[in-house]
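Shared chain: subunit A. Partners: subunit B in the first complex, subunit C in the second.
Entry: the complex of A and B
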């Protein structure tokens, strides 16, 4: 029913600024940890096991809160804002790197701008205010709700985005064969589906019970990357 | 094996700390090791190998208003598989009242081949409480691939979430030792410092694989990976 809206939001051409971020790949390439397609495959498996469950679960939980809010217009203000505030604080506590907190909020802000203009809704205004913007998974969850997507679709877009950002960055940073990179993504599709389904399945839990997987090098290399004077990607 | 150890530290009214309760049971034995400082120091002495698969070990810590407690261990703990493949568990819960301080500085956790270990720590800090919290995880004994281990830490400060992190290693998780997670490092860990009186600091790069980061709240976290336990401790020495 909402198939086109789903494709529109999942599309890398959706103007949410995601192309400016390599999700740690640029730092991993500079450190010599990723040099070829096999290295990219290991990198993406790590992103899928560690970053994707958290991102997709917070997206799905935000979507579920937003969808409930949207269907209950008489809800009091605290009913409306508390779930988002709690999701924001719990995700903040899971994002130990200041550079990654900023990258998440800047991507959230860009996505919110695109979402507001694409699928206007009062839901966006209910996200907690922060000078750098809302965290990206919260912005994605609300945008997916405004677009009329399901919680499962929201989680799927989140998990997929965790892979496609660094995959397309790899083509630019390492000059990898784009066909081989697409083949790699196709081979990881089943694993990506599983992560997305698991995230949607926990969306109803309280924010503190959501996944909190940490990848030490993601935090460490994000901070190193933030000190560079010249870089191709924002994170 | 199931065991529960409890430590309750209270201010003694003379600027020092009294251990109102200190109770262990095998294999979690506790020893008060006074060092002349106002802080009470307790050493955890593992009286059996392990934790072994099937073990369910719990430690409960309570630090009262104005009390200061440091918990150390005499040796690294080595998570080992049990006979029936059951997981081993170590659960630590701690509360620290306003003006209290807890330092949790145990030796490393080594995830031996074939282990299935789950370490879960939950810390509740009242506003004005201080904390040092160190976790060090070594991926296997010498020349050994590790089993599966999950080290989860949740810290609340003044009623809100301060830190939530869960580190999973081992063959059950695709990409765990790859370039996005550990980059082949055999040791990883973190040191959380919560100090409501400290001025906010910018992030500091401590080495090619170690940084100190300010959290959102009165805390910093040092996170590091290293080729071995010795190099790791260099980054996380409190």
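Entry: the complex of A and C
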């Protein structure tokens, strides 16, 4: 059991760069699509339906690969790195917006820095090198493995993070009642658990078969947001 | 008037002189990375103007880069680029998601990434200035991000600010009280600010300055040169473990008796 490690990695205060990102909420607020708690609820249900399955499944699959190679000392280098390369390419293909690719990699790099310092491990070195960093779900999967967490726990943290990032941004951007926002998150807990469980259940599949949900409006909004002269969040 | 006294050497201020012809600093071995100095302080206190002044003073002497943290993303970086005080390739902006203090204290990853990107792109550097977004009196830099920090307040923000204290005023390695030229216009009593800063800061140095009158921020630039020299010679702990007499260069309320640092060799005005 690694309950405290699990809570550490899930904690919004874990210094992994997430505070600078609103996961599209800033763009939605500016467009008038989210103005209040009810709007936030719809926005978060949207995030849970398209972003969470992909993020959680890629996190879980990365965790499984990392946990396997970590327990197979005779594995060759290509045995170790090929699954991660494939996961990276598949997730890149599922992330249509260049702005969101960059946001994912920047957050992955920040998480990797925090993970390396918190749970030192050779596992991090298996991730494919990229100048902007690894995609965030890959960084999360490897960090969860280094922390000794299970695939289910890794998926749970991923799905949870998809909700809490924009929820926290909403409190800052809209001045929403923080208790009502926490109440909303609590009401969504069951749906979040289901997404996490489904993601863990497909973690063994090949990267090509992992979920590939998309939300074109979120991609377009992210591209527009990246061009704003004045914005509060990086994405 | 400041101009009359700008180059006076105030013997009433406790200080030491280096032996003539002797470099008081240890030899400078190879740096393993650039010195990082954080510049924080409330909104509008003159942080960006100070960074621009330091660029004017130091860009020709040190391999320098700047990271800005804006609430509104790239505003300060754009100002520095427009001011033409530093090649725009040497300036990078970090976005902070409504939380400038988080980015310099609690979750420093984006700033560390920016510093490393600058080092990767530009090669070895001597100095990286990290400017925080305008925040409040409690915002300080993490020691995981910077080696030394400067806290900037201004006389127009009220002469009570040093007395109010807070970690920025109390613990910063250098306190800069800015815009002294405005003191008569806003009714700020520099003697009160001087007294309160001394009471809050013990032996830590404070510099009164007006960038309108001294566009190269000579004293602060001298302090920065000193930090860079020491960190080169003493490694990471050097700047903190400095045993030199860091006597303050508090100007008196009317005196402004700042000696000229630039002609004085390696020991700057703020650190004599």
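The rule is simple: the second predicted complex is superposed on the first by the 235 of 235 C-alpha atoms of A that agree within 3 Å, B and C clash if a C-alpha of one lies under 4 Å from a C-alpha of the other, contacts with A are read in each partner's own complex, and residues count from 1 in each chain.
As a working rule, a contact is a pair of C-beta atoms (placed from the backbone, for glycine too) under 8 Å apart; a residue touches a chain by one contact, two chains touch by 3 or more.
Everything numeric here is computed off the predicted structure, so don't read it as measured data.
Peer 1: For A:110, is the partner it touches subunit B (first), subunit C (second), both, or none of the two (neither)?
Peer 2: second
Peer 1: Per the contact definition in the header, classify A:231: touching subunit B only (first), subunit C only (second), both, or neither.
Peer 2: Touch status of A:231: second partner only.
Peer 1: Taking the superposition as given, does A:15 touch the first partner, subunit B, the second, subunit C, both, or neither?
Peer 2: It touches subunit C, and subunit B stays clear.
Peer 1: Applying the touch criterion given at the start, work out whether A:69 contacts subunit B, subunit C, both or neither, answering first, second, both or neither.
Peer 2: Neither partner.
Peer 1: For A:136, is the partner it touches subunit B (first), subunit C (second), both, or none of the two (neither)?
Peer 2: Touch partners of A:136: none, neither subunit B nor subunit C.
Peer 1: State whether subunit B or subunit C is in contact with more residues of subunit A in the superposed arrangement.
Peer 2: If we count touched residues of subunit A for both partners, the winner is B.
Peer 1: Examine A:151 and indicate which partner it touches, taking first as subunit B and second as subunit C; both and neither are also allowed.
Peer 2: neither
Peer 1: Looking at the overlay, what does A:164 touch: subunit B (first), subunit C (second), both, or neither?
Peer 2: Neither partner.
Peer 1: Please indicate which partner A:223 is in contact with in the superposed arrangement: first for subunit B, second for subunit C, both, or neither.
Peer 2: In the superposition, A:223 touches subunit B alone.
Peer 1: What residues of subunit A sit close enough to touch subunit B in their complex?
Peer 2: 24, 28, 31, 33-34, 39, 42-51, 89-90, 92-94, 96-99, 101, 191, 208, 211-220, 223-224, 226-227
Peer 1: Could you pull out which subunit B residues touch subunit A in their complex?
Peer 2: These residues of subunit B touch subunit A: 152, 154, 160-168, 173-176, 178-183, 185, 188, 190, 203, 205, 208-211, 213-216, 221, 223-225.
Peer 1: Could you list, by residue number, the parts of subunit C that touch subunit A in their complex?
Peer 2: 71-75, 94-99, 102-103, 106-110, 112-113
Peer 1: Quick one: which bits of subunit A touch subunit C in the complex? Just the residue numbers, please.
Peer 2: It is residues 13, 15-22, 106, 109-110, 113-114, 169, 172-173, 229-234 of subunit A that touch subunit C.
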